[in-house]
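Next come two complexes built around subunit A: one with subunit B, the other with subunit C.
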Partner chain A sequence: MTSTILDQLRGVASDLFNIPASQITAESSPQTIDAWDSTQHLNFVLALEEKFGLQLSPEEMEQMHNVGEAAKVIENKLQGSR
Partner chain B sequence: MPILIQPYREEHESAVRDFNHRLQSGGADPDLVFFTFARPRFLPYSEGANLYQEYFVALENGVVRGGYALKRQNFFFCDGVVRNVGYYHHPLSEGIVNKAYASVGALLLKDAMNRSPLLYCLGMGGYDRPLPTMLIRLGWAHFAVPFYFNVVHPNVFFRELQALRTSTFRRGLLNLAAWSGTGWAGVKTIQGLRKLRAPKPGSFTSQRVEDFSDWADPLWEQARKEYAMTAVRDGQTLRTLYPGGDTHFTRLRVARGGRDIGWAVVGERRKDEKYGAMRVGSIVDCWAAPDNALPVVQAASAALVDQGVDLIVSNQSHPLWARALEHGGFLNAASNFIFAAGKNLTALLQPFSENQSRLHFTRADGDGLPRNF
Partner chain C sequence: MTSESKAIDLRSEVDRLISARPISVESAALVSRRLADLWRAEAGSVAAAFLVSRFEKLRGKLPLQPYRLAILRSFTVEPAIPLLRAEAFVHGIDLTVQLGDFNAYPQEILDSNSLLYRFAPDAVILAAQTADLAPELWHRFADLEPEAVPSVIQNVTNNLSQWIRGFRERSSATLVVHSLELPAIPSAGILDAQSEGRQTSSSQCRAIQEINQALHVIANEHRGVYVLDYDGLVARHGRLRWHDERKWLIARMPIAADCLVYQAREWLRFLMPLCGKTAKVLVTDLDNTLWGGIIGEDGMTGIKLSPEYPGAAYQSVQRALLDLTRRGILLAICSKNNPEDAMPALTDHPGMLLKPKDFSAARINWNDKAQNLREIASELNIGTDALAFLDDNPVEREQIRNAMPEVTVLDLPEDPLAFAGAIRDCPAFERLTLSSEDQQRTGLYAAQRERSQAEQSFQSKEDFFRYLDQEAEVVPVSPTTLARVAQLTQKTNQFNLTTRRYTEQQIAELATRPEWQVLSISVRDRFGDHGLVGVAITRDEKDTCEIETFLLSCRVIGRAVETALLSHLAGIAAVRGRRCLSGRFIPTKKNAPARDFYSAHGFQLIEEKPDGSVWSLPLPQHKIASPEWIRLKTTEGAHN
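For the complex of A and B:
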């Protein structure tokens, strides 16, 4: 995984969950971030779609159990679209 | 096991029955059941149609964990373009009885957003419900579509309206209002005063028609530009929504001086415990240039009074229709009929704060058609 994508996701998560990016790691998840519930998860996915200009399916959304996994899904999606 | 969202097919019907059983066993509201049959009875898909309904189910290894309905319909927008828009309704998630499936509601909505980028919700039962709460957190634009009612028989209204009869004291007071005649006098005075302040609509005629035919098309063409967004209501669409053989609805053609000025669809609602034994009529749908809304409202009300209803209800988003209801003697009350537009749809309606008052949404665009009739 490129660190750039992970860094960008940390930025998105930071804005959305109102937490400093420095506190967000690849392991950050709904279990470690109080504000990350199912609705915010959808908000997170919608924000990623807008940032990366792609559309994610509900199945891909479900694979995003933490920030690192979300970055992997985005990376795979971007590679697939090239 | 991942959850997959797929079109609801006949082979899923038994799994849907199991899903409904789990919801009911888990203490969900009795109304919260998903559609028993995969093929919609109202507006099933047909080749080439742009007005139809589809159902989808969330499957986990063959077990249904949720589902939703999506109605597709063409809408006319203020930029003159007709676009197909999705109406997201009846979402149900196992999350309401089992927290392990709390994410299903968001997955269902995401699936609908992917299938129909222009998406809206309407109805939903009030702002305190989970769906509008979620939509607001997602940044959807929203407002409550004003609710109006006209009490035809005040004594029955005071005796039967269960929403008001919530305590022994209130029941006593309402019984007194009903039996003493004070309730009748009060309601008739307020409604009468509203009518007195109304402009005179001039003479008009109202004719019951068996079906909508080509006469509805010029009305659609003439009035559509008055609205920032409205479901297409040409003759062909109206014949699909209110087919000639459907006796649940009365179709009214309203004219002045021999020239069509509008139409209305009215019907008596099914019994609902919140209305007790009252017969409740609804102005389901209506169309006219906003300037001609009053005669259409008056024609619709008169038709329902003729049918013997005790109460008439209507939800209208456009202020000129709302004003026509007030001029027709209707009173307004808090509305639980919420309109919410997804971000892509909202982007077409900018500035939303101005354009929201030019949207034309009625009960017919919401979740009550046809199940409430």
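For the complex of A and C:
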């Protein structure tokens, strides 16, 4: 399950930040991706909300320091909603 | 998961095609179709970023229309911009967007040197929330004395009026103003809707609605100012679903993530007619589209078409199509059927809301639909890019998309009850103004069919022209013809010497300049009135009268109307003392019918360049004879 969500997030990050999905790992973050600034972080959050049909809280948004942590947040959220 | 993997396949196909250097025009067109496929499959923020970055690589290879849009706002709209640009790219528009600062629109509008005007936008959107424009009404309505409400309404209205007037004084760009939304739950609850024994000014909703009504009045007082019904947009998708309070509080983003795409699409509805991206003819299938079932198998009594379920779905489709004809959109039929099966249903079925006279052309046969569509376009004298195609069969739709990518293909859902909604939702049918020609168009084309039949009974063209008994009237543009004149410059592609596009405001502005002439020509004949069908715009400079624009609607091409208009231009230029009438032909993909216009009328070629040729006629020694079979009425170009 984790790998599926993580893969989907790599696809999202690839589209949004315009870099190949193969270069995106769980550790990819605003520090490693130039295009990932604060505006793009909001876009990233909104894109995830739209794609997974959920709303993230400010606390959850802050936990998403990199792609892997974002995947964990989404995963917890999806399990919680079941 | 299959749709997910299909989307990944589309992405890698796109990137494979783009990586080939140089990209051919053909493969750019294929990439564009694949990107549109991807957009249909998953319109949203993720795909939007992908589309925008890929379309940007295809600039110069695709016939994209550049357009500059400024958005003045009171809230965060940044995440909606990639969605808007992706939507625009899919519809052939390359959009450059500039955003104003938060709540800085009054200064931006009233300062002639602001970034807004330096950006030189084609259009400007003013998107401000009720909470920002009228905080007293939104946040503190319960605290307001009823007597104070009218002055609050007046203040907000005055502000809007001042900004709109201030904008129009500084720019001729189109302005689109968001209306004010109503609260999901008024501060007084259900009491807000009860007016008995209470003053009208004690209703929060009604106070906001009053501002919206005033906004419509103000917009009407200015050219090129339109209202986006933001309250209607929010209501359509549900007030509670539209808003995300948390994003508002942390990022000033009031719109929920999954509603951003609807905001982008609503903006696009305005951009389509502004860019001239409009479908003029809707070509519709019959079986399982205009009625349920197959007429050739189920027969008159078996097809579903009635006010009850399931026939009601198809009556709704017919109602939607009738509504389109009122916007000046023509209907045509393209159906794989035996005419002897289909025709009785069209003429006699009691459930038919559409009548045979509502259709301007029909191809009921077993031929390839792309071929039929080309024939319909040619019969109606329009380009195939002005066609829209409605068919319940996804295979037919896909074939048209591949064979004729310029055609607007409506994507129909599975459920027939949702067909009518999909038709009404199509942005290619949006119009911002409606001329009287638009409303009568179906009748105009019916007269055209009678003309064609009459033409065949004459030996020579001249005999036919004499029989037609044409009368043409040339007059300067006036407030009543402004909309139609601007519309013709935006839509005419074939007989158009320079293909220069003008907005209503630009035409209005040119008409006030003494050295410019903006003339229109209207034509009528024994079969009826063609209405306003041609425009000529000239500019005097020293000894020369330069023809900036010369165009004629295709429905009167080839009847010497163009000669009559040109003859008039030469005549009045000589009267104004000009020594030379000069014109330019700028070739496009579509204006070949106008190529030999100047040479055929005795003009000398002065200069020939790939981007156009310059022609000249000495005055007053050269006169252009107006054809004797057209009675030309003119009003002298009195300038206001």
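Keep in mind that, in the parts below, the second predicted complex is superposed on the first by the 81 of 82 C-alpha atoms of A that agree within 3 Å, B and C clash if a C-alpha of one lies under 4 Å from a C-alpha of the other, contacts with A are read in each partner's own complex, and residues count from 1 in each chain.
As a working rule, contacts are C-beta pairs under 8 Å (C-beta built on N, C-alpha and C of every residue); 3 or more make two chains touch, one makes a residue touch a chain.
Since this is a predicted model, take the numbers as computed values, not measurements.
Asks: Look at A:A47 in the shared chain and tell me whether it touches subunit B only, subunit C only, both, or neither; answer first, second, both or neither.
Replies: second
Asks: Once the shared chain is lined up, is A:E59 touching subunit B (first), subunit C (second), both, or neither of them?
Replies: A:E59 contacts subunit B only, not subunit C.
Asks: With the two complexes superposed on chain A, say which partner A:L16 touches: subunit B (first), subunit C (second), both, or neither.
Replies: After superposing on A, A:L16 lies in contact with subunit C but is clear of subunit B.
Asks: Does the superposition put A:T39 against subunit B (first), subunit C (second), both, or neither?
Replies: both
Asks: For subunit A, which residues belong to both interfaces, subunit B and subunit C?
Replies: In the superposed arrangement, which is not itself an observed complex, subunit A uses residues 39, 42-43, 45-46, 55, 57-58, 61 for both subunit B and subunit C.
Asks: Give the list of subunit C residues in touch with subunit A in this complex.
Replies: 4, 8, 44-47, 49-50, 53, 76, 78-79, 82, 244, 246-247, 250-251, 253, 256-258, 260
Asks: Which subunit A residues qualify as touching subunit C in the complex?
Replies: Its residues touching subunit C are 8, 11-12, 15-18, 39, 42-43, 45-47, 49-51, 53, 55, 57-58, 61.
Asks: Sort out for me which residues of subunit B touch subunit A in the complex.
Replies: So the residues of subunit B in touch with subunit A come to 2-5, 95, 102-103, 105-111, 114, 134, 137-139.
Asks: Once bound in the complex, which stretches of subunit A touch subunit B?
Replies: Going through subunit A, the ones touching subunit B are 37-43, 45-46, 55-59, 61-63.
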